[in-house]
């Protein structure tokens, strides 16, 4: 039953597409793009060879794309050119680039079990650098700045006068929300931190506080949930827009 | 009576185990039909979007921004409209744009935005904007260009040495730009720009993210580390409305609304069925 | 021209760094420099035409020695602009640097070299010109504006190391009950009653993700429980490198339960390292083998809701855990229990009793308590209008 | 040799990054800058290594004729063709490489992610249940946010966008900040353990 509905819809769409009489307008590239789009969409019916084929082509293409980009945007300007230049001018500082070159090549030692351990040197240089950068990033961007940003007055001074001025109805509702803003930010962070505290059993008073922490977490997860739905739907709209405007030309 | 009850129950079970492909068709219809009808909706502008608009609007003509295009085709429908709307605003304000990417698939996407917008505003490559292309190295690149741009980006995307690009003459590092605007699909992206650059080099940062990471950015907005933020296609649509340049963002909003309503109906309906079933079971 | 403060500043800087032979020589040089300044000021600066504008230069503090600050005051009006130019002393060929609004507090000239001495010339409207004393930028050894940050980092580093040491020395650390972890035994028990297998998905990331490593620890414990219940366990894996580690964890779990003979190498299955192909494969296992308990622990992405949906439709008890916050909403909405964020690491520390994990957990708990105290103090101080406390924590 | 040198390298590299935040003097800043530019180059090599690995595993499958080898063959052909065209003929706008990117890479990746709209909808119908107080709270907020973030919500109740924004700015922000602080502590301690060689899982087993 479902199968027939689906086939019917697909046929109807195709007839619609042909009838709209704009198919000739799309370029060859757009046709390829549209076919590949439909190939991936076919996964919605079920996992099938056309989808699998398109998926593997995509993985191959993207890997190949990255190689070319690394070559032209990193290797050529940041390694080959300065190296050649320093060979020509015999500048020792430029020759220092031989070190990362060698470390980069050492990564490929992984493919040869006997010398595989050599690739650790390069891994260590990379992992060490990024670990260091992650430390200072988390420290200055997240830890310190976020603690500082939560040191706010428990009641924002303007909010109470706002409440008095509010005329009722919606305005009164939002004035109350404004009064609650600072206290909820201060308390919300504290109770969330309590939930992620592992050195005491969460029972009694601590248990109650940590339960409030869970509520805050759940509200934030609900917000993320809504936003994620939004994100995915936008991506679908983008694809449908491509099919209907670039390919079929039925919308502008 | 008992017979009717079992019938109802089987209907409930049937409804709760409906073939997902029927749901897929409903979603497909909800997204397609509004796009075909093509009506625009006015919307109110949220504070983080207004924040970015005001920050860009406050820049002086002739100042520089670093436009970090850190996204890929996987989130193009959300982020490309932002990129268009932001570049529209920047070009209108005669601000010079330096674009670079930490995501390899980004440079052609960023280039497409410039290719469309530059002729419209009479902007010239190398004088008003430049696309430096992709650089591998995530946070290492961020900190590097904050100290020395040419060491990390000796050439632009098409291989022209930076020293022969006129607009970059007085620019030696990121401390020379007024603001970093990051259009960000994930890691590395706007979070890392904030962590590595915002406080260390005291640079204003704003931008746009996919809706998935939007909620995680709110602490940075409250702390002032982000001057403004566009989240997802809705953020893009609000910005399009502010700069009065309707694009895919606004075009998609009716479809977005109708699919959201459908998903909300799904959740509510399914939970009603769930409660009825649970009550029956008791 | 304000000479004496400049002298005082220079000699102060010398005194501050005057230790060691190099510093001593630098001190002597600076002393000569001060004498030179006096000479220069007497013969170059105090020309009467400049008297109305005073120009001061200073090194920009806490930097790498590439910038100087210029400050001016005097007889300047709204709308005046100043043309700043500089020369490398003793060369007198001035080249323009910037034209700025005279009402600005000052100007920072960047991109300079520590090895060059600079002289600045500022021209104001009406042909008024003022020259600065020669000055060169200096580099700092410590960015004093980041001292608080450094102290916090150092304290945290030390406490992590101390707690790891204590844990290694056999100190017992308490870790609170994690409800998702307790639910596992119940779920496995139910699978046993129903005579159906248990499914354990360790995420789709490689071993370089610490969540995958935490997941392997939990897998070992789950495998132990399934072995003691004599219930089969299926572990689909997405990354080839994870396969041997997962096999080892399951084997070890069976050994710990005293049932090594039950271990079946077919338990751990490599499906595909493509995200959606892997997801389709796991869905197939759920539908075909009717797994009664599904456990998802590790780094998950978009596949989280697809897996949880299928598991829900087969009626399995589902327990999930991930530190990928963006996927938690779907696990919470579709699973029976979820380990939220750090709970995943806490669970692995609790189960493995490994010092480096327990020590880190403990140190981070202590840090959280301190942070909570600071936050409360900061909130009270701000409420009373004392902003200085919060200012301490401003990152620069 | 096999462990000491890598641990020493990681220590020096990591410490340079950390210390350069606090010591602006060129005697730290300059080596740190050099280390960063090296990291950029090594990371680029690491990416090529990853690609080589994909090619190796796929070729192995093709050679062994195991399941789905035909697909892996197509993968390798696509990889070699794309990389070959890109490296030999350049990546400029309007070229063959750019064409393949725009008409093949872009539509396929974009479509793959758009599939999730369907999956999320079916999960909304079939799996997201208000089975506990927590899950109920989550779903209620999700519904409010989903309506509040699209123009249609504004038509239902004009205050909805502002209310949604308040949820984002207050309870959501507080909880996300809590998670962020915990994650920052975790990132710092993990980074420290890597730099000091306490955590060496990245080195692999001997």
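Think of it as A, B, C and D in the order they're written, each chain with its own count starting at 1.
Please note the rule applied: contacts are C-beta pairs under 8 Å (C-beta built on N, C-alpha and C of every residue); 3 or more make two chains touch, one makes a residue touch a chain.
Just so it is clear, the model here is predicted, and its values are computed rather than measured.
Asks: Determine which of the two chain pairs, C-D or A-B, is joined by the larger number of C-beta pairs in contact.
Replies: It is A-B, judged by the count of C-beta pairs in contact.
Asks: Taking each chain's centre as the mean of its C-alpha atoms, give the chain farthest from chain B.
Replies: Farthest chain from chain B, going by C-alpha centroids: C.
Asks: Nearest whole angstrom, what separates the Cα centre of chain B from the Cα centre of chain D?
Replies: About 16 Å separates the centre of chain B from that of chain D.
Asks: Where the CA atoms of chain A average out and where those of chain B average out, how many Å apart are those spots?
Replies: Using C-alpha averages as centres, the distance is 10 Å.
Asks: Return the distance between the CA-based centres of chain B and chain C, expressed in whole Å.
Replies: So the centroids are 24 Å from each other.
Asks: Enumerate the residues of chain C that touch no fewer than two other chains.
Replies: As it turns out, chain C has residues touching two or more other chains at 149, 153, 276, 313, 325-326, 329-330, 332-333, 341-342, 368, 371, 395.
Asks: Could you say which residues in chain B touch two or more other chains, in rising order?
Replies: 17, 24, 27, 31, 74-77, 105, 135-138, 140, 143, 152, 199-200, 211-212, 215-216, 219, 222, 232, 234, 256, 259-260, 263
Asks: Considering chain D alone, which of its residues make contact with at least two other chains?
Replies: Each of 18, 21, 29, 36-37, 39-40, 43-44, 47, 101-102, 105-107, 109-110, 112-118, 120, 122, 124, 126, 128-129, 134-135, 138-139, 142-143, 146, 149-150, 162, 168-169, 172-173, 176-177, 179-183, 185, 188, 190, 192, 202 in chain D touches at least two other chains.
Asks: What part of chain A is in contact with chain C in the complex they form?
Replies: So the residues of chain A in touch with chain C come to 43, 47, 52, 55, 59, 135, 139-141, 143-145, 147-148, 150-155, 186, 189-190, 193-202, 217-218, 221-222, 224-225, 228.
Asks: Contact residues on chain A for chain D in the complex?
Replies: Residues in contact with chain D: 29-30, 32-34, 36-37, 40-41, 43-44, 52-72, 74-75, 78-79, 96-97, 99-101, 103-105, 107-108, 110-111, 117, 120-140, 142-143, 146-147, 149-150, 170, 173-174, 177, 180-181, 184-185, 187-189, 192-193, 195-196, 213-230, 232-233, 235-236, 238-239, 242.
Asks: Show which residues of chain B lie in contact with chain C when the two form their complex.
Replies: Touching chain C from chain B are residues 17, 172, 175-176, 199, 202, 212-213, 216.
Asks: Give the list of chain A residues in touch with chain B in this complex.
Replies: Touching chain B: residues 2, 5-6, 9, 44-45, 62, 65-66, 69-70, 72-74, 76-78, 81-82, 129-130, 133-134, 136-138, 140-142, 145-146, 148-149, 185, 220, 223-224, 227-231, 233-241, 244, 250-251 of chain A.
Asks: Could you list, by residue number, the parts of chain C that touch chain A in their complex?
Replies: Residue positions touching the partner: 148-149, 152-153, 173-177, 274, 276-277, 280, 325-326, 328-330, 332-333, 340-343, 346, 361-362, 365, 368-369, 371-372, 374-376, 378-383, 389-390, 393-395.
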